[in-house]
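In structure tokens below, several structures.
Shared between the two complexes below is chain A, which pairs with chain B and chain C, respectively.
Our next item is the complex of A and B:
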């Protein structure tokens, strides 16, 4: 049957028309088809092909003609509608792999309709709105920006949870989704351990240690510092993440790291972990470990948390078994927590080189959680450590630019970073501060972190090396010796390479410990000896 | 809790959109992930009042803006501008009167008008016989006996000064799909012309010739030809190197092709017919006065839709640039007319330039002109020099428009439809202002065109419109 469809007043280029014609001719059940403008020549052609003449009354070259000769009415209609859709097909830039650019979020979604994650690091006052738009578009969202109001965070998280979307942050620096490091993260092995962490460098440290213990990460989800801590938020993101990890077949062990949450939130976390029926490890920074359960282990520090998780992943059946293995002296080196006696020996050796006036521990950190871990430990052991991160109000530094006594300083704090890059990106400010501490004849031991990975400076050890050398030289000139204790948070797969960074620091005379926890233990031990007069 | 979405994220490759630090996108890309980096700028260029209005609209609109905008866009895309006749302004243009002078842009009075517009008013009054010399015309214009009004208040548009008086012949362009009409005078050519503020004897003589000879010939030829489907012609000229605003060479040629066979059949002395055709041939911008009313009747159909944020008018009077929103009919939002970034004819420079003037920006409002810059590589010199610049102009406009034309397509963009339906929310949010191609008038009346280029409209007009919209349509 022959059928004609007309659209008056619509001009199409001939190439378009020919393409549409070709497409129609390829349809099964269509014997012939013509898509053309109604020029007298084309009208004549159709008349010759015995299409009904009456249809062509009053048509002109600006009118579109679709003529179909098909087996039946249904086929003809299908062909005609296909012709219209072929002509109306919208062309947008085709998506390419790797990085593409777009002027707006909406344009980006159009360019990449399969997008599933938004990373937001815009200035604070705009972050909540961009996050809301990303969530509205159905994207899981990671908000790196900080200083988002608590009201905005509650609204965003309530909305995100209602849509089943992850809102990581605000102030979330680290995550690893499907092996892809987001913002500040390390290239760690993939494996069965899922992490939910309220802290960036805490997550980095624990994931790198797990990697070093031969295990790997399934997903690492950052939540932002307030998620568990603030009762009004009540762990909305953490609880969604824990539940998802509980159901994720690739996750066998769940780790939760956070500053101590409100009691009822902590209870919710523990309940959710129990409900997962998967072994779990919890570390609340600076808090006494909670009561262990059969498959729920409370860790005392980041290193122990990483080790317990690795042991669970490696087959430990219970918390008890994992802890025995971790603390036993019999265990092979890889799964061994620090041995106090060997640390004491090392500390005594360093202390012996100090001059009498050298007394104080000076910790200069780029990673906030790493600073906290050292601070809590030092404050407890040394009995009074000043810090800009102190929770003990008596010991908060009045002026974080001036060290008095033992100090642990977080150089990534807003106080230091407003208007400047974070020291993990640009470690020069820390190098300058090391120089200042080195000029203080009372400084006995310098404790530093060195965080590598995606997002971090391309060679943080390279920035530390000359200043460590000159600091040591200054102390030697005064007749003493400066102990420099460091740890490198990262893996050998990171662009900066853990081994190379550690080697460079050792070359400069630093003692590089395998974890921040151990570095802190050693530095604290040296300071303890130095203050008490030690072996001198 | 519903974990379906999170589990599906765990189960798929990360495809990220990055807003903020570009290094996060680079890191992910270097790690093999697909990532779109948004060239993020503070919304509303950081203007907090505008941002507040945007958020108010997003969070507490009383109307369904998306539906309203869909309707507005449907009407713009569905318009069928058709040239139906030539008439005399007084007989055809609604509200036209002997003591009325229409001008381009938002309403403005004699005392505030810029040089070229004053010149055009002087010429218009002499042409109408209301004044016998420029001095008398100035006195009359200032006397209060002459009324001034925006062309847009009379369904009309005019290039540059846009002056229309009672006796002028006008194109009548009907939107067949929606039944509304738009009017525009006939283009006078280049050089010393009324629209650039010239009012010498040759200008008046030419206007008289247009009235007495050219218009009747074209009117009769049009009668023989029948209505001209402008939508199809604009679609064609975009594939022939025109964008319908700063380049109209293909459009003018097509009009000559359409009318020539009928012109030669007319019962006029050969010399007159030849003179008419020669005039058309010598004036590359003849088509502009057809593309403009075509655009005008297309966007007018979308005006007055409750709750729509689509811009239905943009226009300049040489002092102010003004816009109107579909959802706020009757209200102008204005800012100072811009200085044009352009190229100058020999002997002229930026010091000679008048500020941005004319209704021709109606073409951009309807989705061609500067928005179709990518279609007009021959005039890329006006936008920075290279064809890439022209592509970039068009491509950036997709970010502020709600639709793509189904008819007006750009070959070099793989026949992608032109960006159409400017959404004021997107303009304010992205800070991307509509790209406008334009001619440059000499700031002194009577000298004429001195160049052409690209102009940025004033951002505050868009912000003010958005704030007014928020106050009308949110709780």
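Our next item is the complex of A and C:
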């Protein structure tokens, strides 16, 4: 019984074909078997061996044929079926991939010898040692762990730079490498904008806004908060990252975000960006923007940084052109950004509902950089805001658990997270704090962030909704109203979905602004009106 | 032989690169090709991934001939792209059924995997083969090749092939008696590259090496083979396309150079290297090589 079976457009390596042939031949009742490519010569051979000719019609040299000469049809079918099982197994094995756990870094490297990046998230006392091992193994290294000493950071970064490797961190919570979100990061589209950030939620906010503006990220490299700030570190990782993005043909625009660096480090950063010959956008939070150059734009806030980067990526030829476009009414409409006049109108409407004793802005943040952005803006406009993140020593909160006057609090600060999960992972602590602020009859406006994406809580808005409702009800019971202003940092591709989170917050009575910057502006405007008596 | 030292000198590794392009390429999963085969199509093209192996990834180009992505220069052929140490990374990025596009500067897929080819060294064994001279002591070379084949071959795998006593072995004997031999071997036999194509590739390489002019011997046969390329599959087609132009794969070039030098140690190494190719490709090619050297007419 001679039988032929075909698999069109199939290609298997020689060893496999030979072993498959031998295996079929070894089956009881199979007299001969051939597994080969259906070239005309091989088809001719099978015809000569009296295999049924009708089977060969339409065959091409890139098709696979399985020919079996067996004692009977049953045996032939069994052999062919076995051949297909072997082929399927081969295919599955070749495409199989998955996650493997390894108890040590060395074991992980052994399991994945082609890996090029290690992510270190271990208790801080072990972090430097593990990072060193990873660097010695030639891996780019992201250190999520915090509380690594400055000395260790300098030593690790010096070593990393000497090997041409990136050491992201310590205390680096966000990166997007090759489209892969690492730690706290968002699912943003890929594109021509590279980000170097010494600020985690700053990176998230900018990357998400860029995504919303229709552009995408080539690489987003976190550096760790001290990289630019500490003169002894001198921006080692940031400078290497800028150089990398400068060399990267897929990166057309470079964005740098950080808290104000040491002066000489800032100069190095600017020089490196100039040297890249690529359009660049710099935003140093809390610092006055530097002087714009033709292709080097200093942004005043995270939103502007994202927009300028998107405009450069979209074809703006100069900083001047990008800034004119960014601030034109047409652009605002395009990006659906409420302008200052709209914000003032919204603020007045909210202020009108407040009682006379309601005066203070209370910002309760889970994201440190987002808190900073709101803080620096509020401190400048309102003339004095207390915070655990304050750089103005007079306004540092003595006790971050108690709010006095205008306050913007970073609930992700070590003060709150020692021995507890970060509020982006578990927002319950923030919900409790909202309840406390709601009990204060002087609270006029509540400003909150809602950071979604990988690593974050599965439904942070879901945690906020009942407490916002409750807070608003308490204010209403006292004869006033509580303005709740929020922004959602994330995209609709994130697991929690930006749209769904924003809708839930709005349903609870919050005003959801399109960026943290706009949310802060609105909250500050309401607080300003509330303090001055406003329209009441 | 110059091929390996060149590979070593430009192979990217984790050590020794200046910061900049190299480390970024490494970070991104980007790869920089070490070498491009001299007959690799240079215009924009698309190819499908047909198989992913530990040493090579087989692509089928839209011209119905193969293109290979290989790890080592030792595995190069005229339509291959060598990646060196980065090869292992590619297996994470591509799988059978994917499509890769080439734009002259880079080979990429939709998942962000990119191999930059712009600065790659153009691999072409012909200048070295041409300068090496020609095979003078054919009998001595045959004796050495056979000696090492005997020592190194896994005989048990031969019985289903063109030397065996099965259907392919019988048919091969019959084909050798035909007046159309050896052109009638195109696309014949077992293997992902049909054994007949391996045989012919080595035959042409040996004929060229005896003449000392790559691509010059057996003009009539070359003409016949060109017109018969449609009778084999994509991998056989690319192999023969190279050999017709006097540009054999690296393992055959190495054997030819060793044969020209008639150096026993180099022949032993070249035979061993050739036998590492495919299940039977290396062995089948040795037959073609020996046949060419032993043929009285040559």
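The criterion applied here is as follows: the second predicted complex is superposed on the first by the 434 of 536 C-alpha atoms of A that agree within 3 Å, B and C clash if a C-alpha of one lies under 4 Å from a C-alpha of the other, contacts with A are read in each partner's own complex, and residues count from 1 in each chain.
We take it that a contact is a pair of C-beta atoms (placed from the backbone, for glycine too) under 8 Å apart; a residue touches a chain by one contact, two chains touch by 3 or more.
Source: prediction; values computed, not measured.
Asks: Check whether chain B or chain C contacts more residues of chain A in the superposed model.
Replies: B
Asks: Touch check for A:62: first (chain B), second (chain C), both, or neither?
Replies: both
Asks: Quick check for you: in the superposed arrangement, does A:182 touch first (chain B), second (chain C), both or neither?
Replies: Once the two structures are laid over each other on A, A:182 reaches chain B alone.
Asks: With the two structures laid over each other on chain A, which partner does A:140 touch: chain B (first), chain C (second), both, or neither?
Replies: Both partners, chain B and chain C.
Asks: When the two structures are overlaid on chain A, which partner does A:126 contact: first (chain B), second (chain C), both, or neither?
Replies: first
Asks: Can A:454 be said to touch chain B (first), chain C (second), both, or neither?
Replies: In the superposition, A:454 contacts chain B only.
Asks: Name the contact category of A:443: first (chain B only), second (chain C only), both, or neither.
Replies: In the superposed model, A:443 contacts neither chain B nor chain C.
Asks: Classify the contacts of A:34 with the two partner chains as first (chain B alone), second (chain C alone), both, or neither.
Replies: So A:34 only meets chain C here.
Asks: In the overlaid three-chain picture, which partner chain does A:105 touch, first (chain B) or second (chain C), both, or neither?
Replies: So A:105 only meets chain B here.
Asks: Using the touch definition from the top, say if A:387 reaches chain B (first), chain C (second), both or neither.
Replies: After superposing on A, A:387 lies clear of both chain B and chain C.
Asks: Using the superposition on chain A as set up above, list the residues of chain A that contact both chain B and chain C.
Replies: Correct list for chain A: 11-13, 16, 62, 91, 95, 97, 114, 116-117, 138, 140, 161, 163-166, 177-178, 219, 240, 243-244, 247-248, 250.
Asks: In the complex of these two chains, what residues of chain C are touching chain A?
Replies: Against chain A, the touching part of chain C is residues 14-15, 17-24, 26-29, 50-53, 58, 60, 64, 88-89, 91-92, 95-96, 112, 114, 116, 157, 160-161, 166-168, 171, 184-194, 196, 230-237, 278-281.
Asks: Provide the residue numbers of chain A that touch chain C in the complex, in ascending order.
Replies: So the residues of chain A touching chain C come out as 11-19, 21-22, 25, 32, 34-37, 39-42, 45, 48-49, 61-62, 91, 94-95, 97, 113-114, 116-117, 138, 140, 161, 163-166, 177-179, 190, 219, 240, 243-245, 247-250.
Asks: Considering the complex alone, what residue numbers of chain B touch chain A?
Replies: Going by the criterion above, the answer is residues 1-10, 12-21, 23-29, 31, 33-40, 42-43, 51, 55, 80, 82, 176, 229, 231-233, 235-236, 239, 396, 398-399, 404, 406-407, 409, 411, 413-417, 426, 429-430, 432.
Asks: Which stretch or stretches of chain A touch chain B in the complex?
Replies: 9-13, 16, 60, 62, 88, 90-92, 95, 97-109, 111-112, 114-123, 126, 129-130, 134, 138-140, 144-145, 161, 163-166, 177-178, 180-183, 187, 218-219, 239-241, 243-244, 247-248, 250, 454-455
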